[in-house]
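Below is one structure, written out as structure tokens; comments come after it.
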């Protein structure tokens, strides 16, 4: 059963030091901004973060990195024009980076959620990112063995939730949310609106409520073109 | 597939390169355009071509940039640039989006590159600079996932060195994955099987002779006219 | 988790067994009920329990059988029996549905069985008859995928032989996957860690003494009162 | 680009002898009845069929089996109360059966569509269905290596298509359609209605048109409770 929380901090719940935290979003789209702010306020440290990017400007993830609260980041694209805090921490050796091709990141997260122990993929074969990994030629194609990426908590942003925890997303803000929601012990979703159970089309649900431990409605702040009530 | 032609005036502008890439994309194809230079190709697809654009952050049926008033921060391409939604579009999550790419469903992927080797090896994610902040994104998935991966780049670096090389010296993105390279001075086929002698093969030249191309690249090239 | 109780009247009917299984399902749990006997459990979940039923053919939020006029051939459970849709339901395809099961997201799975061993091995897909037409369905996925897999079955075969055994003799569905067995004569814990001596442990008896149970099964059992 | 065909036979197109054909459906829900009828009429033989079931009564798949046109079937649940034709062919040794747990069937089909070369799963470990397969203990769990299942043609039934080939399904008739559509060289979908591109909600599309080679609108015959225009 999904909790409907009254604030981002209440939705976040307890996050132990050293926890692995997945953070949805691709660039600004789908970033659970207020939940990461809540994580900043919560105080957990020694975190492992799994996220496509490593923070922009002074956003909450960037401040977590700046403040030395992220021990390690698993990420496909840390470099941004404004990833100052990550860049500084990385150059100073204050943060460990596991650089993962974006498709491997998505598929390894899915594998964790789907109970797959490991899988072979051609992506990365023969490149520095596959160094030291087991390889095998399958059907004539050289492949690399990749393993699941799990988390203690996943923080995602969706468009709407219902009281059963079902989520629908909006446009390209969907990105990592649905796979991360399956791969964490607890998934917390911030949404624009929580509607009653039965108010979402069951055919259009993207993340079934079984994957969602808590939802919180936040107005979000960002104006979205063409989004009505 | 125009075959070797004679030099025709000057080297190509970026838009001319994009038009040249677009001319080779079959009607009805599903296409992914990498970030940077390749995104220009979208502007040169003829109306009615039925080409559908995939963006790996989770969309098929991507349209051009919106008017400033219609920018939606939740509707962006893989370069994080605002785009639009065409009729028949669909959205999907990252694992489904990369399954589409990695499963060989995208007909053509156009990527930028730092280096391409005559064997079709690609280097486009890292300059290898020791102090560089790394970032790979979807490059490695795109390189090996599409049915046909082509590269769009200038033939030479800013310093005048060749970007089409015998062996890539920069960190690799994928092995033997590129089949054609579109540049400002020539279109060349690369990769396994394109030439019995293992050379890159000149398909078309722009303002440069075959011998001049060989000289610029320091490579023997197939397709001499 | 009622602990060992004294014999209380007769053996259980199927509905009483289903009620006993239902009594152990935590409020708010996500539950998969296997085809056959376990489907009865759905009728005994108290209203307001907040239990959500999963059916592996692709649905969460499955409701009871419809009135005859409301039967929809496209709304069925894994036993191909018509069901209904409750508010908050969702549909998904087979790979997503089994990912949900195999990824450990279902709290409780209730299965029927031909045999269960004291180590928690399960045999429920094949009678082993040489002329039998095989069929496995989702049994092997369900057995090992749920957080807790329990079995609901008669204690004895029609011929009076035990179905809770030292070692399964029928083809296995999964190893060490069952943690509790609900039968008409007793509830027993099985599987790794349930008993330091490696026995099945009696949780509750129905119209039969501990010694009689041991006699019926030909096994030494833990949990003697 | 997706073809909008005028008949089931035209939608089916050319199927060579010996082809591997996936057929959607779980029991009656989602069975592409008219497309399998078209396959029967088409005449292809020596087929490998991938399908959850192996035919009921005298349905088209059962008749393909009866007439000896299916060399091999990859299937999770062939036994049905009315699977007479399969039962007879199997007992007579006229058909080869690869029995696959339903979750492995779905995941192996997905793997083919997603470019995964092989994957490790706990399902089936220690059972007769995993005999002879490579195993490995991962994170303390014994697992079996499973390989992709591909097809030449997939026949699926959806609810609606648009002119771009996007598909939406209906209730539990969704089942195998979306994964099979990704795993075949050509996917043919029968639907109740083909609507113009743009008439389906892009957020609710289940099978993007990229996976669909042809669609055909057929009224289907089966009355569906509660389905309006």
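Each chain gets a letter, A, B, C and D, in the order it is written, and its residues are counted from 1.
Operating definition for what follows: a contact is a pair of C-beta atoms (placed from the backbone, for glycine too) under 8 Å apart; a residue touches a chain by one contact, two chains touch by 3 or more.
Since the structure is predicted, the reported quantities are computational estimates derived from the model, not experimental observations.
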item: Any chain in contact with chain A as well as chain B; value: D
item: Pair with more cross-chain C-beta pairs in contact, given C-D and A-C; value: C-D
item: Rounded Å distance, chain A centre to chain D centre (Cα mean); value: 33
item: Mean-CA-position distance for chain D and chain C (Å); value: 29
item: Centre distance in Å when chain A and chain C are each reduced to the mean of their C-alpha atoms; value: 35
item: Length of the line joining the C-alpha centres of chain B and chain C, rounded to whole Å; value: 55
item: Junction residues of chain D - those touching two or more other chains; value: 107, 110, 114-116, 121-122, 169-171, 203, 206
item: Set of chain B residues in contact with two or more other chains; value: 85, 91-92, 95, 98-99, 102, 145
item: Chain-level touch network, classified as line, ring, star, complete or other; value: other
item: Pairwise chain contacts under the document criterion; value: A-B, A-C, A-D, B-D, C-D
item: Chain A-facing residues of chain C, complex; value: 27-28, 30, 50, 52, 54, 60-61, 85, 87-92, 98-100, 102-106, 145
item: Residue ranges of chain D in contact with chain B within the complex; value: 1, 110, 112-116, 162-164, 166, 182, 196-198, 202-203, 205, 208-211
item: Chain A partner contacts - residues on chain D that touch it in the complex; value: 107, 111, 114-122, 136, 138-139, 141, 143, 147, 168-171, 201, 203-204, 206
item: Touch list for chain C against partner chain D, complex; value: 55-59, 69-77, 80, 85, 91-95, 97-99, 101-102, 126, 131-141, 144-145, 171-175
item: Contact footprint of chain C on chain D as seen in their complex; value: 26-30, 76-79, 83, 86-87, 90-91, 97, 99-107, 109-110, 121-129, 142, 169-179, 206, 222, 224-226
